[in-house]
Amino acid sequence: MPAILSISEAVAQVKGGSTVMIGGFMTCGTPTGLVAELARRGVHGLTVIANDTGVQGNGIGMLISAGAVTQLIASHIGTNPETGQRMIDGRLQVELVPQGTLVERIRCGGAGLGGFLTPTGVGTVVAEGKQAIVVDGRTYLLETPLRADVALIKAWKADRKGNLLYRRSARNFNPVMAMAADLVIAEVEEIVEVGELDPDQVMTPGIFVDILVRSVSRHD
Amino acid sequence: MTEEQKRMIIAHRIAQELSHGDVVNLGIGLPTLVASFLPPGLDITFQSENGFVGLGPDPAPGEEDPDLVNAGGKPVTIMPGGAFFDSALSFAIIRGGHVDVTVLGALEVDAQGNLASWMIPGKMVPGMGGAMDLVVGAKKVIVATSHTTKDGQPKLLKQCRLPLTAAGEVDMVVTELGVFSISGGSMVLHEKHPAWTVEKIRALTEAPLEVASGLKDMVLPVGV
Amino acid sequence: MPAILSISEAVAQVKGGSTVMIGGFMTCGTPTGLVAELARRGVHGLTVIANDTGVQGNGIGMLISAGAVTQLIASHIGTNPETGQRMIDGRLQVELVPQGTLVERIRCGGAGLGGFLTPTGVGTVVAEGKQAIVVDGRTYLLETPLRADVALIKAWKADRKGNLLYRRSARNFNPVMAMAADLVIAEVEEIVEVGELDPDQVMTPGIFVDILVRSVSRHD
Amino acid sequence: MTEEQKRMIIAHRIAQELSHGDVVNLGIGLPTLVASFLPPGLDITFQSENGFVGLGPDPAPGEEDPDLVNAGGKPVTIMPGGAFFDSALSFAIIRGGHVDVTVLGALEVDAQGNLASWMIPGKMVPGMGGAMDLVVGAKKVIVATSHTTKDGQPKLLKQCRLPLTAAGEVDMVVTELGVFSISGGSMVLHEKHPAWTVEKIRALTEAPLEVASGLKDMVLPVGV
């Protein structure tokens, strides 16, 4: 059973210098309460793995503005000019990864696989430094797993066992990141009793979740 | 032509390429406009790479749901019979050939079917997002682009100069001046804007240009 | 929208000599109506990809008894002695694949990946003839994708768009096989109207499904 | 000892290895019996590799649901708070180290931590099912086996002779005669059946045998 903690108790577990996966897509499905608290605490030297950095001052943008992030692995940073500026200034090191490759690398990390072969990126700068492997006459890149010390994810509902439901397109990277970190903290809008969720409908089994926190407000 | 007219011509023409039952992913910006020109009664399922099929029209004001956005982060709706999923399944759908048609914008596209759309070194590095997977994975890749840059330079090139999104994956290019396929290192003009001659189009095209035997006029949207 | 056909109309699309994935685990979640009809039609020379061959005369066991299968890719055949007997007699060629590798190979086939690296099977006969790749000091086997001409799957409910819900442990291989075949035929217990399923709860999006058939009876 | 007594001693002893909060996969046969000996109040989640967590006890007669079976195809139940998933996620859980303990039977196990459990060439080829993934993926691998074959031959060997399930992955072996860990090419005896001497156990063990400094008697189940 996961621990049910306050946002500040939960975020206190995230140490400076650690690697943190953060769910969400353009702030939709981002655990905003956890991210805001992390930015507020003045933690430094984080490596963040996320699809994007939201927009300036919102979502993961809060962590960028706080200068908490020194390394970023993401598929898109165009919607947050501050991320680009910090990259150009050399204050932030950015690895850009195709979105499908990014989520699959995280899945590999969670699924105990050593890597996968993808056709995405062949013949582009993404292929640089990577092993090319030919299977059945087609060339693929060998992409390797990503794991994190902590995953900060956002769900709609949880039960006390940590079973999670996501809502609408706020699901995105959250279920995959829940598999790929040593410590998984889920920010949820509602916590129900064990037995209230239909086991057929659970999207993330509770065995992946270590800590539950309640969102301060819905869609905040 | 105004920029708005160009966009309408391109989006309208691409809408004619979609077939009953197709699963289609539209890139943000100009490609999104394609949905406005669908022939009535056509059963098209739009995929949104952030995690669902059945992307519907914009919500009525006040009806926005912050948990339901498109790949540009804008509030949208889902059609009856749609389905949500996580990003892993979304890109399994995309890379696995389950998207019939993807429509994307371009910075440059060339006669080898190469596309450059995601960065200008030293200037603009937004990232590739889902574009690299879409171009590699979709069964048919249609590039939707103005024929030239804002300062009149060709965007249909012999060879892309910017970093590629994917190599040799583009099937069709639609601009406000014509409809092109890629074949043996040339772009082949199949349809042209009725008011333009082949020679005038050639003058604005860097890619080697061939003209298909059955060259036709593009059908323009009503009112353009 | 998938076509809604009778079981015999649907199974008529499966040609002799084709590769067929069949969902289910020990007959639980196996599309028994489709399999029975396929066995009855006297189709021959099938390559079957499935977790197991059920038990003698039931589930995929019906196809084995009918002599319809010449090649089998499965993780387990111990519960159907007839499968083992035909293998020993040389009438059936069997490739045994670890269960996690089997499902991941099918997923690769559906997801457009060229393969994956797994630690499973290293140092065993499963490694024979396979490329070993070292990532971060650990040895993995390169396993390659599986695809089929036809997937025969079983779901609980469908809507007319082909969106599927599975019930309990009858889910197993079905959602993954739905992604990895040129023609996907789903046997379902109930077909509801479009809009009746919550899009958050759909387990297999309808875009994967080509043909729906109604089960003759529940749990038959 | 009867076969039933052996099974009870082994299952009872392995149950003591499970800790509060563990996710555990029990193989079919003898390992399944471990669940019967859980200390009360211990929060253990059982995983069933055919696709769920929260495996519960056998259903009451007449309450069987054909859609709810264990990895042996037998009707079971699910506990409140359990969850179903597909085989891909099930093996992501298994291979990804999310199962704390797996308990499996053996044909042979050796002093290098090798396990053979899935085939006897020319005789029995049932297939490996999920065993290879479980042995490679679980954080702790416990082998549950009678100390000898039915005709009295050792099953704890210097080196396995049958085709392996996995190489070097076994952490612990529990038989009716003792509890063993694997270390530097030897099996280390930590606990022994109270009625047996080390020398008598050694005589039935082919693997090089060391004796742990704190050798203890195994706690046997009540009534055995």
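Each chain carries a letter (A, B, C and D) given by its place in the written order, and its residues are counted from 1.
The criterion applied here is as follows: contacts are C-beta pairs under 8 Å (C-beta built on N, C-alpha and C of every residue); 3 or more make two chains touch, one makes a residue touch a chain.
Values in this document were obtained by computation on a predicted structure and should not be read as measured data.
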{"item": "Intersection of contact partners for subunit A and subunit B", "value": "C"}
{"item": "Subunit A and subunit D, separation of their C-alpha mean positions in angstrom", "value": "35"}
{"item": "Interchain centroid distance [CA atoms averaged], subunit B/subunit D, Å", "value": "56"}
{"item": "Distance between chain centroids, defined by C-alpha means - subunit A, subunit C (Å)", "value": "32"}
{"item": "Of all residues in subunit D, the ones touching two or more other chains", "value": "52, 78, 84-85, 91, 94-95, 136-137"}
{"item": "Multi-partner residues of subunit C (each touching 2 or more other chains)", "value": "104, 107, 111-113, 118-119, 166-168, 199-200"}
{"item": "Listing of all chain pairs that touch each other, if any do", "value": "A-B, A-C, A-D, B-C, C-D"}
{"item": "For the subunit C and subunit B complex, residues of the former touching the latter", "value": "1, 107, 109-113, 159-161, 163, 179, 194-195, 197, 199-200, 202, 205-208"}
{"item": "Subunit C partner contacts - residues on subunit B that touch it in the complex", "value": "21, 23, 43, 45, 47, 52-54, 78, 80-85, 91-98, 136-137"}
{"item": "Residues on subunit C engaged by subunit D in the complex (per definition of touch)", "value": "25-29, 51-52, 55, 74-79, 84, 87, 94, 96, 98-101, 103-104, 107, 118-126, 156, 166-176, 203, 219"}
{"item": "Subunit C contact footprint on subunit A (complex, rising order)", "value": "104, 108, 111-119, 133, 135-136, 138, 140, 142, 144-145, 165-168, 199-201"}
{"item": "List of subunit B residues in touch with subunit A within their complex", "value": "48-52, 65-69, 71-73, 78, 84-88, 90-91, 94-95, 114, 124-133, 136-137, 163-168"}
